[in-house]
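For reference, the structures are reproduced in the following blocks.
Below, subunit A partners subunit B and then partners subunit C, in two separate complexes.
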Partner chain A sequence: MDVAKYAALFLAESREHLSSCNQLLLEWEQDPAAADALGGLFRSIHTIKGMGATMGFTGVAELAHRMENLLDALRHGLVTVDVGTFQLLFQAVDALGRAVEDAAAGREGGSDAALTVALEAAAGGPPEGVADVATLVEGKRQHRRSTDAPRGRSVLIVIRGDAVMRGARAILAVRRAETLGVVSAVRPSLAQLEREEFDGRLAIRMESRASDEELAAIIRTAGEVEAVRFEEPSSWATAEPERHRQIRIDLDRLDRLMKQVGELIVAKNQLGVMAARSDDPPLTELSDRITRLVSGMQAEVIASRMTPVGEVFERFPRLVRDLSRDLGKRIRFDVEGEDIELDRSILDEIGDPLLHLIRNAADHGIEAPDVRQQAGKSAEGRILLAATRERNSVTLRVSDDGRGIDRAALLAKVRREGQSDATPETLSDDDVLRVIARPGFSTAATVSGVSGRGVGVDVAMTRVRALGGTLEIRSEAGRGTTFLIRVPLTLAIVRALLAEAGGERYAVPLAYVAETVEFDPRAVTALRNREALVVREQVLPTVHLRDLVNAGGRPAPARRPTVILEVGERRTALVVDALLGQQDIVVAPFDAPRGMPPYVGGATILADGAPALVLDAAALL
Partner chain B sequence: MREILPRLPATRIPGVVEAIEGLVNVRGTLLTVLDGHVLLSQPRRAEDEGAIVVVEVGSRRYGLGVAQVVDFLEVPEHSIAERADLPGIDARLVKAVGIRDGVHFIVLDIDALVAPIIGT
Partner chain C sequence: MSHTVLVCDDAIFMRTMISDILAQAGFDVVGEAESGTQAVEKYRSLKPDLVTMDIVMPDMGGIEAVREICKTDPEAKILMCSAMGQQALVVEAIQAGAKDFVVKPFQPSRVLEAVQRVLG
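Moving on, here comes the complex of A and B:
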């Protein structure tokens, strides 16, 4: 058995079980009377023990075994569960997680003696069966021999459907069979057994002196074998198992594929321009066909990278539970929209900002139980993490029902720095965010205990902006605070509107374009001393692109289109000289020079090969 | 120094210093090009074809727009002297000076040249 390969599988499956252990422990802790979680916990720990023993990771198997003893004692009512038990189980799950990681990395460490003792004590005495773990590992090596004349036959082996590491079991079964004869063929092939789609059914052809019964017995020692049947060679062809249509793919490979598709799109765009210029119908036709093929391919590649946000969300319940313990608060943590999907690369980056915001909500948002009760709220605070899908973006919301931001205190701090003439009444949510998202905005000395926001908000803001997303805040004193993170569904390839101003071209991502209208000079008005446009009875702040980018060139034409940008509920009108249509653009990295304005979100190469800047709509609002 | 490219049309970046000419497309990747004339306060001449010298500073690449590439020199250590004050050139940009065939040349300090304008 190829240990390195199975170590990866062992690690992946153990991690899933450990994650579900954390989940189950959290549920159980909420309602210690309900023992539903106990069964699930027992199964997960038992599975990890089994996998650990199969792999020969005795440290993992032993720790899991001790946990199992405690869970078993709990299950049979020999000991009762209390606060200490939960803490111990959480600790043990963490320790088991470390043991699993170490074992899979090939450096099995020593066991945690204190934890072992604590687990034994909690289970009501030393466990009865430490020795049987060794037996479990050793027992897999036994085999017998027979002296009958060799006889060829086909053997159909079925590994239990709920068995973990079916592939490893199957290979083990083949190896066991080999101890009694010569195996001449295995179907599916040994390599296919290692794949995910292997459903547990395999057939082998072998020569052996042993009886069917002896063979079946030795094969069954591999463990998790549901059935062993001996069949006529004619049935060999029909033994091909049904396949599950899923495989695991290395993320780097998907990244490279995405990059290639991005380059393909740039090339396709250039081909389109050349074909249009050529006045050559067959070339135009071919270019159109390639365009459709590339679009289809792009959609498939993007779809293959989409991953449910639940994968990132699942680590937070445990975080909030630990935080509320440390802070002496009572916090209920709810999650919504776990199945909403995001591009893998965005998902990888979004965990950190969420972590900061959730930690903030628990630390500074939610009040201590007595404070809450004095304010007429329930003693238990609530933090909600929710994902919702919008047109071309996903919104992640972190809300708490805590104290909200104390604008007066915030203003006092800002005023000391001599920066504002606003009053608590006129300080908008945007202003609040601008203050607390300042790098190094300190809560320690002045605002902490009053409103106490800010730590980590600058980090979250920077990360989210780097993803082409936006961060917003809504806060009401005494009622709570909500942070809204809005991120694009996918990075890299963006549908954009090309706009011209003063002879220069700029790309505006369509995700933030609500509509385009004709600029009407009669609709110009003023909003807080700034130019504004009345569009559909709404007064929108207005930006002229040619003024913004300081473009020279010809004077602005009389008829001008206006792009209405929209981020969340905020809208702004962007007046441009002309619109040049839509294009899929690949946002390319480049080293931003010093002084580059915030409204430049990146750059791209247009269909004709010329570079163009991509406008960041969020920075224009 | 990495390579020499012909002059390419640059896309202006608003709001940045004059010494940044803009972005150019080099075989599908974007390169920020600096204007050598502005950096070294030299006048532009109509007869110059122009070229872009790609330089590497740290892990980043920049293009340096120049009037023309005259020659490649392999300079023996002893033929160059420590930098000296030269009329019309910011002494901080000069790494060393030398002479070849009776003509003076300057070895530019590329790091110092791009330092004030590259991003963080």
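Moving on, here comes the complex of A and C:
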């Protein structure tokens, strides 16, 4: 069998399992007494072992096998878990991850001898020799069987070490158990037991009305039974997630589909314009119908690309754990809103910015335990990663309850560079962000308290902006810092408001449009020496699109609409010449040429086939 | 009242030894069989509380005998007597309905433990 074609699947599935291993290890480490995670860990590692062996990746299979030995010993209480065990398991999961990646990339990395020895030692001695590939594959099969079994009780049976024919004894024990219920799975398999290919321990899954005591008693009548233990079903084979009919689709394919739908929308828009002009009822009707069909199709394609943010979030608990360990801090990491969904392509891009922000929070935000206590805080700091859904966007929040940004120190540094005349009191959050998001800010920083704060903030800012999103900061000295990332639900197709200025058309993503009002010259006032408008008793900084784009030509019309842009809690008034309605636009990826003003977020083709610039609302604020 | 036992083995040596072990422990050895066929017949006529059954016997083997006996009496308490290296056969006997097994060379204590388990 040519297994090469399964390499991608192997890689994807292994990654999922490794990710879940990290998750389970973290949970378990939080509460070492609760061994619920152990069963899941064992299953994941076991699955990777089986897959690795099937692929012929002996490095993967051997490492997984050693980990399995340790997990097995832990599961049966032969060795007990301690801090070192967790560290070792984390290391092993990492090493297994590398082995998987190496193997899938065609590099068979060398095995880590030290890790191997450590795993063996932790498992209470050298393991049985690594079984050959065929046996491992067999192991995988019976693993399948056992996890496919219905819910029920899990019984661990240990046959005495000095018993003869332990395999037959084990089978006898299974038979005894069967007198009180239905045994749905046996591990190792009966065939393996018969060949005595086991170490005296077997696990069965069964459904029975009998009590644990009754079951244990009947199993013991098989003789030579050293121990009978019961586990909650969740610990050995957690309830399998509900089975949906699913297929895996290459994201590239979905990207192409999305692009096609985008083109279709442009064509549909053009058809709509033609139909409106034609005064031909059948054509208008057809155009309307196509519009509805394309909208439905667009919704389906977008839905198929939606992925819970939890997929990206799940790697962070491990990161924070490692960071707090390295930094000698105590950090509680909480995650909220894992189920909120985002377009896969945005999700893929959002991981890095979050990583930078979380690392910053752990490294620079959260103080050392003694410092926190002196400040009257709990020794344990807290970082919260939360996702919330808003109208057409998702907000990702990284908050810490650490020291906050030291504005005085920040200003001192900025003043040395002669860049600001602000005072700590007047330095707004936006100003803070502008400073720390400057490329190279961190490397130049020597100021304590903010040192390194900029690490990655510029990177995060750039990435988020490239997604059509925004980044905000809120920081309070002594209380902590919050970063807010706002990204659109999906890329590529956005609903936009079309505006005209100086004879050119511009698209403003609707996600950032709060409302439109009529420009009232009497409402003009000044805010910090800049023009501002009073709208609903709120003074908003004002931007004239004509001025912004240096539009010449006809003078501005007397009656001018004003678009109120809103990003988070910040608002700005954008005065335009005319509003031309709403349209779904396909934002073309935009490699901004040099000199392109920052307020241009992309370009699009309008319904009539003419190009238009897409405004970046955040840059206008 | 002591339990009745039927001892099945093709070797007189083994039958004698097993009978002695059981008798000394207070069991009532009511019969002996030297083949599977005999074992089935004697089980039906004697209705013993317990049967010890050798696996390899002439004419009808022990496993076949277990199958036959369990056909009419699924609750029959049969203890298999096996030699080393016959694990697959022992497993087969268990699947056929044997309730326990002991492995030669016999240690009297193990035989008695097994008998006690089978008789409950």
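Assume the second predicted complex is superposed on the first by the 444 of 621 C-alpha atoms of A that agree within 3 Å, B and C clash if a C-alpha of one lies under 4 Å from a C-alpha of the other, contacts with A are read in each partner's own complex, and residues count from 1 in each chain.
To be clear about the criterion, contacts are C-beta pairs under 8 Å (C-beta built on N, C-alpha and C of every residue); 3 or more make two chains touch, one makes a residue touch a chain.
This structure is a prediction, so every number in the text was calculated from the model and none was measured.
K.L.:
Given the touch rule stated above, what does A:Ala612 touch, subunit B (first), subunit C (second), both, or neither?
P.N.:
Touch status of A:Ala612: first partner only.
K.L.:
Examine A:Phe230 and indicate which partner it touches, taking first as subunit B and second as subunit C; both and neither are also allowed.
P.N.:
Neither subunit B nor subunit C is touched by A:Phe230.
K.L.:
Any idea whether subunit B or subunit C touches more of subunit A?
P.N.:
Counted on subunit A, the partner with more touching residues turns out to be B.
K.L.:
After lining up the shared chain so the two structures overlap, which partner does A:Val549 touch, if you call subunit B first and subunit C second: first, second, both or neither?
P.N.:
first
K.L.:
Mind working out whether A:Glu194 is in touch with subunit B, subunit C, both or neither, as first, second, both or neither?
P.N.:
Once the two structures are laid over each other on A, A:Glu194 reaches subunit C alone.
K.L.:
Going by the contact rule set out above, which residues of subunit A touch subunit B in the complex?
P.N.:
It is residues 263, 266, 504, 548-551, 588-597, 600, 603, 605, 609-613 of subunit A that touch subunit B.
K.L.:
Under the definition above, what is the set of subunit B residues touching subunit A in their complex?
P.N.:
The contact residues of subunit B facing subunit A are 9-17, 20, 22-25, 28-32, 60-62, 116-120.
K.L.:
Could you please specify the touching residues of subunit A with respect to subunit C in the complex?
P.N.:
The touching residues are 164-165, 167-168, 171-172, 175, 190, 193-196, 221-223.
K.L.:
Show me the residue ranges of subunit C that touch subunit A in the complex, using the header's touch definition.
P.N.:
82, 84, 87-88, 90-91, 94-95, 100-101, 103, 113-114, 117, 120
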